[in-house]
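In the two complexes that follow, subunit A is the common piece, with subunit B as its partner first and subunit C second.
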Partner chain A sequence: MRLPPSPEERIDRSRTVTFFFEGEPIEAYAGDTIGSALFAAGRRVFSRSFKYHRPRGLLCCSGHCPNCLMQVDGAPSVRVCTAPVREGTRVRSQNVLGSLDRDLLAVVDKVGGPFTPVGFYYRTMIRPRRAWPYYERFLRRVAGLGTIDKHARRSSRFDTEHRRAEVLVIGGGPSGLDAARAAARDGRRVVLVDEGLALDAQLPREDGFETIAPARAIGIYEGGLVPVDAGDVLLRFRAERVVVASGAIEQPLLFPGNDLVGVLLPSAVRRLTRLWSLRPGERAVVITADDRGLAAAEDLRRAGTSVARVVDLRTTQPAQMAARGSHGRVRSVSVDGDSVDCDVLVMSGGSQPAYSLLAQAGARVEYDGTRGIFVPRDLPPHVEAVGSAAGEGARGAAAVPAASYRGTESGGRCFVCICEDVTDKDVKRAIAEGFDSIELAKRYTTVTMGPCQGRLCHLPSIRLYARETRAEEATIGTTTARPPWAPVRLGLLAGRGHEPAKRTSLHHRHKELGAQMMWTGEWRRPHSYGDVAAEVRAVHEGVGVIDVSTLGKLLVSGPDAVSFLERLYPNRFGDLKPGRIRYAVLGTDAGRIMDDGTIGRLSERDFYVTTTSTGAETVLAWFEWWNAVWGYDVSVDNVTGALAALNVAGPRSRALLARLTELDVSPDGFGYLDAREARVAGVPCLLLRIGFVGELGYELHFPSPYAEYLWDTLLERGADAGIRPFGLEPQRILRLEKAHVIVGQDTDSESNALDANMSWLVKFDKDDFVGKWALEHVRERGPRERLVGFEMANGTVPPEGGQIVVDGLPAGRVTSARWSDAVGKAIGLAWVPPALADEDSRIEIRVDGRLEPALVRLRPFFDPDDERLRA
Partner chain B sequence: MSFLLSCPNCGPRDVNEFAYAGEVTSRPAERPSVRELATYVHFRRNVAGVQQEWWFHRFGCETWFRAERDTRTNAVLATEAAHAEPDGQAAPAEAAVPDVPAV
Partner chain C sequence: MSRDFLAVELAPADGFEPRWRSPLERALRDAPPGIRDLSRTGKLHVHGDVGAPPGVEVVRVAPDRALVLCAAADVERVRGELGERVVDMSAALAGLEVRGERLMRRLADLDLDALPAAGAVAHVPATVLRDGDAFRIFFPQEYADHVGAVVLDAAAGLA
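And then the complex of A and B:
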């Protein structure tokens, strides 16, 4: 099948490569593409068209058209005409039912009827309504191109690389190379990217500039950003100057039968004959509007194909042209009624500058009537076009006569868009239906929206449009060019798959103890260590320890620290004595609760602020933001990662601590809401006596490198007291028994401190604080809803988010609910209308469609007078 | 959105390093009416043109600064650090403040 060896050819006949097509081994030479090897093996039908399932064969051989899309090693829609052969690759056809040569869905092409005209699915498949699921299943099966194996695992690792260049040249053709060399001579840092599809010429490896190939620029964005698809790496180039040398694209001609197998563009002839030494066929006809077609005729002759006729549209203006075929293969061409048998038809409708990247960058696109092409104009600063991308040398088919469009009357379909199977008739129909702007017609007919993204159909469709509407191409304009310019794998855009996790210093201790880990924001934390009830019991009866290192920890220091905090928080801090702690809620100027935590005063000018686990970074940025305006003399240091924290809680926690520290931990020496600095087991600690879980307890904050040592020591020395580590789930039950609020769980972005029963901490007599005015307004207006506790009458635990129902209407929602062994009831927190926010109010909660009765509780469920907490 | 933004500390960087925190707004100096409060908290000018806005160099030096950007072209005309007053006094009352968490 191959021609005699030639010095130009790119194949190495001494090395063979075997790959599989539909399971059958195919022998190829090194240097072949999958497409050239299949062609050499006698294959002519490479795909079935999108809608009509018409046979399609190689057309451009340049990676532009949709005619050779196949599944390669599981990846759908690979253009095999440019995909190099590799040993063992498995290639399959796509979008066929049966085989490429006998596709059962080709019946669509024969039947015609309601399935063929443009927009049929909008009109045909809407009735009867209930049949839509069947239509949909059918359409999903037959529409689209390749298939993706949804269960396939990640097959390659994608990365993103940020790069800079003074001059980025896109395209390695002669003009691109000239531009790169010139810029390099000027001492610029130059990078040239090329698709590597210019198989005709190897890119020279030169000093002076970097060449990246095969790689494709997929767009030009603002700020000189050019993402480059380099296989498994996305290079995000920032370039001071972008030179676009993307060349021009050969255009097809419009005539009936222009999609038959055997119809080729000149580049396909050139590549098949010269690079892979293949004979495209036995007998050819060439119809051309430029010199490329004439060159192709030369190539054909050299390859031994007899050229039966050459029609140069620049000198002859045929009134009629049509290709006829059988079984989808071209058999004859008639020009003005004169029929010539052939199995190859070369069509050349001129070449259109590949201006898409320039248009994306902001260039205006103008129709050049004398040449019949669109050319880029008014380039934005820092972007330039060279060579045929700028319109140099390119010419369209201005000479193409009207007759060539007189397609369908003479039989056979005339395709404007081979990707989406849009015929000239479809475009005419769209115009007749009133889609009288090119953008609307594009959306209705989907012309230019297929895999070639307008490379082969943009110019012909606009020219046809102009002819049909008797308008000038220049006034019709073009459709908007949008990235990506070339197909991109989604994985490349997604980048490397990674899920960042924050782990505390005790992560491995938790794992060793068999903790079930869970996500809380970015943190990994123990849900429990296997026995939630026992962990709760340990805290109530003995002593438990929980890793709370995830708490946000900020040091606020400076002469203005008090003023700063008092202006941020609704609380007062001026009267807080050193060594004391206060619960504080952070709000916005809209009065909404943003975060909460404890603030301990370490000295006159130093405060230790804790935040929620997920709120640390937000709160830090919030502090800095406000102080960017206020300019208080304070510094805010984030010590979240530097310090670990443990909460030792339970009636025996004091005794345990007494063994480990010389600090006076007696109730008088270290009372509730006191803060002390002391050594615990030799580790310098900040001890905060606070009790989120409702029992006597101490939070120890200390340098995180000591975390495992202190954890081990506590578990060892507390063993006789029955110490148990406890996780988040037991902590949630314990805090719910005390009706302690979790910001973000029990409050949302609409909650304010007054409605959430925190009015005691809002000091309206302060001059100003963030949210003061909004809260004043809330106070005057009165509450709209209240956060209350409830207990279920019959022990059912309602779902979080469950509905509170009053008189059959939704009136509130459950935010937290758990079963509590200590209380012996199902308890929870809920937002209810103010009228129901009274002790013993009866409410109903929807559980599994039933309404379950519950009673409102305003006080903590467990230890309501905080006797255990303050012990 | 892929423009460059010049951080007052770090120089020109990709916009993805920054968090956008909205138009610079003006916090009322005196107790506002409900209408004024709602305007300050919720209403934005949303201009097609040059506006003052807040940016935070989130994946960088964590500095807050103001930028002047043309919303039509994303051209950043100027950036300036929101300097604390040298004497530690609060900035003038008409200084702008945010109403939403920055990140």
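And then the complex of A and C:
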């Protein structure tokens, strides 16, 4: 039922929109919100309360309270009073069993009182512990804020946009507009964002600044970062100056029955009557502490609601007030024993500046005793508050008489916090239990922690607190304001589902060959191409090729390159001849192993350093840091992505290479640990003769744009030699057969080079190097544990991380273990007590609860004298 | 040794014809107009002060380091002119051009009025240059598939 058309109304009566509520079609006008259309259709109960399942109706019509939350097209907790109607939208109630009007869970309101006191969830239902999952499921069912449809397809896409502004104005009310205009006149780049809920007036689109609406600032973070929820786009604003014009929020009054359906704040009256031409009810009572209530009385009269009584708390101080209802709806109000029938009760406890964003930005919030409100003070330099957000014109309920807080004695519940169903009794009880700091009481009672985020309960709860503890509001203070200031959809925060991944130039070739890909750090790498054993065999018997482009690659050059590397690494490089390579382990200043790789000398002053796949960035940063500290004349360049790298390994790798290059690849011409530059299949390569996988092999490093070409050429020309690509898993088996260590797998952040059997890499006679002092200390105290090889007596492969057990006690751990066809045994690496670090020592390893015997091995399991590797 | 193994522009040799392939080739296969692959641009890292030879662009990416951009065919010449402390990074960086501020704002948290600058694009480190409505983005090529997918997706979101 609508009132006669008015020029002010926002509905277009010539256009109707149909949506569905609980499956039933509802007809609305264009310009309606879901809330106004449901109200027009006669609906008064919009939700059931969080704990007691009490019926709740429109309260603020401004998007501040929890009373109109519904599921809209699958999205839970949408405030329908501000959600525009759209054709075909499906709307459902939430947190009910049955229907909104007959919610079976309302029984909690009848019997629950004694069983669900404040903080009950901290005390009851926690024993027996076993039963918690059931309790949890039960609680989730009866309390909460809608359900997420886990199977729903993404209904919309969410994007993130980065924006800049010299001045960002939050709020498009009169003060916000003034601020925006003034800044624009000063020649600033100004953007104004408005929630678009100030439906009273259409925001003017003005020259000189940009207006974005509906858009809601959800927080102010460090550095002037302001995320703005603009529907399906999250705008991440960085602003030099932020002007907060977020206005003030109308406050409720505390009296028994203050949550009944039909109890309205003045804004609800204004919007229902003016924007949507709706009559809020037949007979109204107004209780107000400010002029807003009086204006609401006017609006009501104009809408044809008779106003039976207006109580102005500034002039009368009633000793008792209470609302009574039936079926959750207000039926009468009694003031000092004088009862008046009504179906609408307007309450206005004044207005409180919406200071939360300011407080997040670092403002202090102070109680102004004369006006009875909290006001923001000491704003940080780049933040400004204007209008009622700054406290202008706002006025609280300082004049509200004590009687209005005299709660439950006069029957019925008096709600301090409607989001969380916290009554005055609950707050008093919390105080009696000793929660006398407001921060603790907040956590205990959960006041201010619901969907309204303190908009309607912060001020009343603190005032009640002050009264009950006989303290001044000012000394009680406020609770910490944290983002988000408004509920925000997780999808919007998550944005698009792209995860940065590094892929080598051969990624698509691997996929074409059916490789199973796996993550190693940020990299995607082939685990294998389907037949691990065959891939291992190819490397042992013929030739295999593995993509090692992920290796970190650094060029270190300059006159001081030798000094620089010698000071960084425990190893020596001054005596490394150009064209030669050395294995190197990088340590921290505490002597711990940080990374490993090879260092090849390209010329007197040029070195080529490889790092682990996941260590490149860390090592680069480490190099740059020390270079800056020491001030050497050295430059470091990260050429990881510039170069692809292939390891061609196996007894036939030499013959294959000879077909593709003019380089002398004979054992004398190109020996183990030599580095050469030459063209391979026409592509300029740096060739390193090293052998992580233990067979004769060459690493080819070359410009990445030619990776597919060279890969294809190798596979083609090696086909008759049985060439096979191999993945990480075969590589791990091959290197384990040689007892080659993988840093990060066989070592951890505590391991040092001495304990890891790499003392041959540590040159204590050098002047100084990073970690020298710490390693000298380790040498003096002797090893605490040693990294050794082991082979299982009976072929069981123990789990990585498995326990080494000595005399029934854990004494070490397995770091790597695999079955090796070539060795014919289950082999691995493990940390063991030094006393057991001898060839043939017997150890026991826990496998599935059993102890399995194993023997310690100090030499490689396969080709212990490196004859094949050096062939 | 010469560091020839970093050179990208190759002539056929020894009977082989090496084929260059852009890291973005696959990712941009279905790219809408306005998104272009610039991966073949010549890119050099120079340490210390840089004088700009004719026909090149110099972007200072750190106090002591610059990215020099030139035509692929000119890399050899420019490398010679820039002196010793130069590394050919042509293969290390992929490059693409996008059009429109709005698209760029969905890709990067950068002040678009203060370009060129270094910063994150699609969450990976990048250098961005601006020519009117066009933005050139250079980033580590190993992220090419990722950045290509993000750019196409963002463009689709605005279409």
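The criterion applied here is as follows: the second predicted complex is superposed on the first by the 851 of 871 C-alpha atoms of A that agree within 3 Å, B and C clash if a C-alpha of one lies under 4 Å from a C-alpha of the other, contacts with A are read in each partner's own complex, and residues count from 1 in each chain.
We take it that contacts are C-beta pairs under 8 Å (C-beta built on N, C-alpha and C of every residue); 3 or more make two chains touch, one makes a residue touch a chain.
These numbers come from a predicted model, not from an experiment.
J.: What's your read, subunit B or subunit C touching more residues of subunit A?
T.: Of subunit B and subunit C, more residues of subunit A lie in contact with C.
J.: By the touch definition at the top of the document, which applies to A:Leu686: first (subunit B), second (subunit C), both, or neither?
T.: Only subunit C; A:Leu686 stays clear of subunit B.
J.: A:Asp606 in the overlay: touching subunit B, subunit C, both, or neither? Say first, second, both or neither.
T.: second
J.: Counting only touches as set out at the top, which of subunit B and subunit C does A:Pro559 meet: first, second, both, neither?
T.: It touches subunit B, and subunit C stays clear.
J.: In the superposed arrangement, which partner chain does A:Glu222 touch: subunit B (first), subunit C (second), both, or neither?
T.: first
J.: Return first, second, both or neither, reflecting whether A:Ala774 touches subunit B, subunit C, both chains, or no partner chain.
T.: first
J.: Scan A:Tyr709 for contacts with subunit B and subunit C and give back first, second, both or neither.
T.: second
J.: With both complexes overlaid on chain A, does A:Gln317 touch subunit B (first), subunit C (second), both or neither?
T.: Neither subunit B nor subunit C is touched by A:Gln317.
J.: In the superposed arrangement, which partner chain does A:Trp626 touch: subunit B (first), subunit C (second), both, or neither?
T.: After superposing on A, A:Trp626 lies in contact with subunit B but is clear of subunit C.
J.: Taking the superposition as given, does A:Asp637 touch the first partner, subunit B, the second, subunit C, both, or neither?
T.: second
J.: Looking at subunit A, which of its residues have contacts with both subunit B and subunit C?
T.: Residues 162, 238 of subunit A touch both subunit B and subunit C.
J.: Contact residues on subunit B for subunit A in the complex?
T.: Of all residues in subunit B, those touching subunit A are 1-4, 14-15, 19, 21, 27-28, 31-32, 34, 37, 40-42, 54, 56, 58, 62, 64-65, 73-74, 82-85, 88-91, 95-103.
J.: Would you tell me which residues of subunit C are touching subunit A in their complex?
T.: It is residues 1-8, 10, 12-23, 26, 39, 45, 47, 85, 87-93, 102, 105-106, 108-113, 122-124, 140-146, 149-150, 153-154, 157 of subunit C that touch subunit A.
J.: Please name which positions on subunit A make contact with subunit B in the complex.
T.: The contact residues of subunit A facing subunit B are 162, 221-223, 225, 238, 559-560, 588-590, 594, 617-618, 620-622, 624-633, 773-774, 776-777.
J.: For subunit A, which residues are in contact with subunit C within the complex?
T.: These residues of subunit A touch subunit C: 157, 159-164, 236, 238, 496, 498-505, 507-508, 523, 555, 578-579, 602-603, 606, 635, 637-643, 660, 662, 677, 679, 681-686, 701-710, 713.
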